[in-house]
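Chains here go by letter, A, B, C and D, matching the order in which they are written, and residues are numbered from 1 within each.
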Amino acid sequence: MARHTDSLESLRTKLERFAADRDWDQFHNPKNLVMALAGEAGELVEHFQWLTFEEAASLPRATREEVALECADVLLFLLRLADKLDINLAAAAEKKLELNAVKYPVAKSRGRATKYTKL
Amino acid sequence: MARHTDSLESLRTKLERFAADRDWDQFHNPKNLVMALAGEAGELVEHFQWLTFEEAASLPRATREEVALECADVLLFLLRLADKLDINLAAAAEKKLELNAVKYPVAKSRGRATKYTKL
Amino acid sequence: MARHTDSLESLRTKLERFAADRDWDQFHNPKNLVMALAGEAGELVEHFQWLTFEEAASLPRATREEVALECADVLLFLLRLADKLDINLAAAAEKKLELNAVKYPVAKSRGRATKYTKL
Amino acid sequence: MARHTDSLESLRTKLERFAADRDWDQFHNPKNLVMALAGEAGELVEHFQWLTFEEAASLPRATREEVALECADVLLFLLRLADKLDINLAAAAEKKLELNAVKYPVAKSRGRATKYTKL
């Protein structure tokens, strides 16, 4: 049997249980959670701030494992936040992809990092 | 047929294709992506910065939809980042949950927002 | 003689010397510095993420001292960043205050946290 | 007469007046302000996220002016935050510089971006 799944809904449920078991819902309001998410994003950034592009793309194994766990932290708080706001994260991601496909048509955006408002 | 799925792997694949179609891999290196992620986290924070806890927990519908798309942005850049670092995000999340279960045993952490290093 | 000054220019000079002494200018390019700044902002956020408004406004002395040093980190990287971009931070702050006075006229913005674009 | 000054205390006073005039102290509590600061740091990051080191170091004039105002935003919220926490930002910066001089002795840290905990 699979030890992990890649379903957002499954992760969401586990987190809900994790928080309930610890009586943490009192802390997990949207304002706090968005701060926790920003804090974790900051930790991720700190791993990369002094690296060249090459170094960032070939992290030593130990660093890569730390970074993987920081990525996980971002995902976990993001799922909690979405949950508390009654946002279906997977549906939002699909919708955003569709919007981006319109905002960034291949012909206009190919090879350019220009924001859609300036395309 | 389902219009969206909640599989991280499925989203990862779609993003890979989206970037390839636009020749964006040249921009999507880990250092840039971690910055993009931090930028999106910042946009999320801006939605909540002046709100009370009550206001943050009951966003007007239009704001909630904007916030949902910001959450999506965070997820999409997180998936791209993990992909470029060869990190399996779902596996990392499962691992982090297991580590957290050890760091935050129910008995010691119940009802407390104390960091595990200070428990 | 004063042991510290509150002059931004004086701080900027000290930081320049500090980096030069350590041969750190090779790391202190704008892209890296903006990441370092974001990382420090994230650390600041982490101090406050689980706090109520009341707790945040009455930090224990030890926490307040840690927070003071995090605030200092933000300022120091901000000064380095501005320096490397040839931005006069004090002048920019004065200019922004003037712009804000126009964007947020007292009559329209009194008691409201509404962004100027929505006033 | 000088049109601007580079004194942190002078800026702090102006901001205090600016907020008082608009009855904004009700919003300017530490938790909100630290979020506003993180949001502004995120905006700064967004300017640089897709740039090479070279591009980041030679911004077009218009971008540099926008970035200068974002830097100003970070400073202004940082000053407000420090003010509300009764932190003397200039003194904290001086203290942090002294601590850094101890943590990063020239002999050990010359030419290395290694964190002091790993030196």
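What to note about this one:
Going forward, contacts are C-beta pairs under 8 Å (C-beta built on N, C-alpha and C of every residue); 3 or more make two chains touch, one makes a residue touch a chain.
Predicted model, so just to flag it, every value in this text is computed and none were measured.
Where the sister copies subunit A and subunit D meet, the same residue numbers recur on both sides for over half of the interface positions. Taking C-D and B-D together, the pair of chains sharing more C-beta contacts is C-D.
In this assembly, the C-alpha centroid of subunit B lies 26 Å from the C-alpha centroid of subunit D. Between subunit C and subunit D the centroid-to-centroid distance comes to 2 Å (mean Cα coordinates, whole Å). Within subunit D, residues 27, 31, 34-35, 38, 41-42, 45, 48, 50, 113 each touch two or more of the remaining chains. Those residues of subunit D whose C-beta lies close enough to touch subunit B in the complex are 27, 32, 35-36, 38-43, 45-46, 48-50. Every residue of subunit D that touches subunit C in the complex is listed here, in rising order: 3-9, 11, 14-15, 18, 21-24, 26-27, 29-31, 34-35, 37-38, 41-42, 44-45, 47-48, 51, 53, 56-57, 59, 64, 67-69, 71-76, 78, 81-82, 84-97, 99-101, 104, 106, 109-111, 113. On the subunit A side of its complex with subunit D, the touching residues are 31, 34-35, 38, 42, 45, 50, 113.
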